[in-house]
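Note that the chains are named A, B and C in the order they appear, and that numbering of residues resets to 1 at the start of each chain.
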Amino acid sequence: MESTIVKSVNYNAYFGDNHVVKNVNIEIPRNTTIAVMGPSGCGKTTFLRGINRMHELIPGATAKGQIMLNNEDVMEMHPIFVRLKIGMVFQRPNPFPNLSIYDNVIAGYKLNGIKLPKAEKDKIVEDSLTRVALWKEVKDSLTKKGSFLSGGQQQRLCIARAVAMEPEVLLFDEPTSALDPISTSTVEELFHELKKNYTLIIVTHNMQQAARVSDKTAFFYMGELVEYDNTKQMFTNPTDIRTQNYITGRFS
Amino acid sequence: MSSSIDNNLITRPDQNLGRVISSITTPVSKVRSTKRIKRSYRHIRAENVFRRTLVIVALITVVLVLGILLTLVVQSTLSIKASGIGYVWGHVWDPVRDIFGAYPFILGTLLTSFLALFISIPFSFAVGVFLGEYHPKGWMPNLLKNTVELIAAVPSVIYGFWGLAVLVPIVRSFETKIGVDPVGLGIFTSSLILAIMIIPYAASLGRSMIQMVPSNLKEAAYSLGATRWEVIRSVIFPYTRSGLFAGVLLSLGRALGETMAVTMVIGNTSLIPKSIFAPGNTMASVIANEFTEADHPVYLSALIELGLVLFVVTVIINMIGKRLIKGFTN
Amino acid sequence: MKSIKINYKYRIGKNIGFQALITVLACGCVVPLIFILVYILKAGITKINWHFLTNLPKPVGESGGGIANALVGSMIIIAIASVIAIPFGILCGIYLSENKKSKLAYWSRLCIDILQGVPSIVIGIVAYFWLVKPLGGFSALSGSVALAIMMLPIIVRSTEETLLLLPDSLREAAFALGMPFHRVILKVIIPCGISGILSGVMLSVARIAGETAPLLFTAFGNPYLSTNILKPMQTLPLLIFNYATSPYNDWHDLAWGASCILLIWVLLLNIFTKLITRKWKVQL
């Protein structure tokens, strides 16, 4: 199996006339954790949402270029297929408020109308919740509504929901910015586990987090990909002066 | 390769399907993944149909309203041609001699509506101020709010019946006292009924407008030692003026178009009302009374022209009202 | 100093006076409604019995008789109107909330606003030319269409407003799971906004349940029991109108009974709306 799973070629994204992501070229190897960081408004979230084509849901938003997933251009695939293969977790935990915890985990199947035997559903739920270290906490309250959980638990539930679809890539859009420090560290620990099976792309504005969890880091500034390197290299010896300024806190 | 929105791809899904299959090679259980793919093809088609249905539905609403306008215009051309502009101020409505002047009904409509507005405004404003400023919370105001909303829920035919049975005799004895022709039925009785019916429209809008007044404005006035009445008069009223006016317009639109209650108590005569106690007719009540009796095309067409006038006037009034509300809430 | 004090007292007095006036006027609004409710209930409740609900009206001169034809007719006409207006209205509301800024949405929204203000009698005229004339006679179906047009703006508006209040994160969560647009709407968005949508639907039914004007030249009324939707049909409000304006006391009694039933039914709908919306509310 080749090592590059996601590759963007001359990717550009716009909101109307506003050019927010400029000509990004990046190669992401399989089973790694990539942190995408940069000051707010630098286009990092837009780029992330471009990967599974969530970007285009916003009225007036357009994109150009290629995003290759296993050497196939997701821009030419139907978004439904893209999103089945690339899961996403959002900034704020967003479990479906009308569904139970159990149903939230298998939401991708249930709401897509895919009927599975009960045993298989149970297995998916248990596996997914175990993978996000939530099984022990919720196994006795699977029928309760997802919105009864704490913020950190809700976020892990959302990760379980994405994991249940068995995607190849998981996108995280500032997954811990709405969480307290303890929940944050739980989620960060998860990243190390999840990396074994998936490729993780994590947008964060928190440099410490990027340094803690990622193998490689991409630094965005003003819509451009300024630097992309191994995390260690990036934080100890950045090549670009803008990266250097950013990680030393000269601007934010 | 450029792609704008999902739509672009949806309109040509088949082109993409070939590419997609090979890309689903995830190491998941085989059954599940084939199930998913099959589903997804169906989904893409259904999604297409759904999006198109939504657009068609939205288009139909536009067509519906244009159709209403067009129908009214087309069906009243006969009368427009026959009576011309004189229709509006012609004093005589005599279907037997084919003379159609709408002035008595226009006058009747304006009289009943504005009289009703005049009576109901103090009450509506009182409810608006009471619920918006004095008592925004609690069970008693809540009860009042729900009760006032119920006023709008009671069917107009019931108001009419009640008016006929209760209000008309009261008005008749009142008329005897002040020495006018004691008919009971008439413009005045209709206005009374209408006044009750239109209270909730201005009241609920007034309440929400008054609640939207920023509290720092009010507090500024209070801190200068203003009494509550002074705050209401010099801060709340000026601030919510356009919103309150919009509420009055919506009430007016309601009053102009109200048919059944008015038809039942106005007395139904095509003569020009001599006083507010005289019987008369409004545009809506004439249509209700005579539409099924209209035995020749010009007569029917003249009635529809009344409907057209009513439609245009109420649309304009409502549009102005809605604009004002929008301007206010922004 | 003294004058300031007097002025002060005067201002306080004015303040209290105004508050008293507002309170009196505000509570005064309720008086006529209570008057009407009590009067109708008192006049009508004694007329209602099993016989009244299950029999046809008697001709002039015979006492007794019931309103079975009107009850059945109202049910049928409202049911058909609902079948037309509810799916249509909800779909239109979905379109408006999903395409906030499109040209079509602007025009559609404008038209819904217009529709909301159109006097009901005008809708009756239009339905007459669209259905009664082409079909060659008054019919329940034409009445249902007229009522459906009246229901539409209420359903569309409440659906749109409800859906706009739902957070975007909900849609995104659904889309990110690879759900197609229609499933996102039908399986996630609508279930989460069901209470608001339902309340709009119930309110619209409550509104048309008492409508008379658009039925005058469409459903027209019928002294006999009819279930053929292509023939004239009696409804409660039409029956009340016809019998209330007649000169016969027996018919007035029938009309009181019918008014009472109509009133109770409309008020119950309004109260149920409030209860159901509270109960079905999805905690976001």
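Heads up, the rule we're going with is that a residue touches a chain if its C-beta (ideal position, glycine included) is under 8 Å from a C-beta of that chain, and two chains touch if they have at least 3 such contacts.
Bear in mind that the values here come from a model prediction, so they are computed numbers and not experimental data.
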- Report the topology of the inter-chain touch graph, choosing from line, ring, star, complete and other. complete
- Query: For the chain pairs B-C and A-B, which is connected through the larger number of C-beta pairs in contact?
  - Reply: B-C
- Euclidean distance of C-alpha centroids - chain A vs chain B, Å: 49
- Message: Using Cα averages as centroids, what's the distance between chain B and chain C in whole Å?
- Response: 13
- Message: Quick check: what residues of chain C touch more than one other chain, meaning two or more?
- Response: 99, 178-180, 183
- Item | Contacts with two or more other chains, residues of chain A listed in rising order | 57, 79-81, 84, 112-113
- Query: Of all residues in chain B, which are in touch with two or more distinct other chains?
  - Reply: 6, 40, 43-44, 47
- Item | Contact set on chain C toward chain B in their complex | 11-12, 14-15, 17-19, 21-30, 32-33, 35-37, 39-40, 43, 88, 91-92, 94-96, 98-99, 104-105, 107-108, 111-126, 128-130, 149, 152, 156, 178-183, 185, 206-207, 209-213, 216-217, 220, 237, 240-241, 244-245, 252, 255-256, 259, 262-263, 266-267, 270, 274
- Residue positions on chain B within touch of chain A in the complex are 1-6, 9-10, 13, 16-17, 19-20, 22-29, 32, 35-36, 39-40, 43-44, 47
- chain C-facing residues of chain B, complex: 6, 40, 43-44, 46-47, 49-51, 53-55, 57-62, 64-68, 71-72, 75, 122-127, 129-131, 134, 144, 146-151, 153-162, 164-166, 196, 199, 203, 227-230, 232, 253, 256-260, 264, 284, 287-288, 291-292, 304, 307, 310-311, 314-315, 317-319, 322
- In their shared complex, at which residues does chain A touch chain C? 52, 54, 57, 59, 79-84, 87-88, 90, 92, 94-98, 107-108, 111-113, 145, 147, 158, 161-162, 165
- Flag every residue of chain C that touches chain A in the complex, lowest number first. 99-101, 167, 169-180, 183, 187-188, 191-192, 282-284
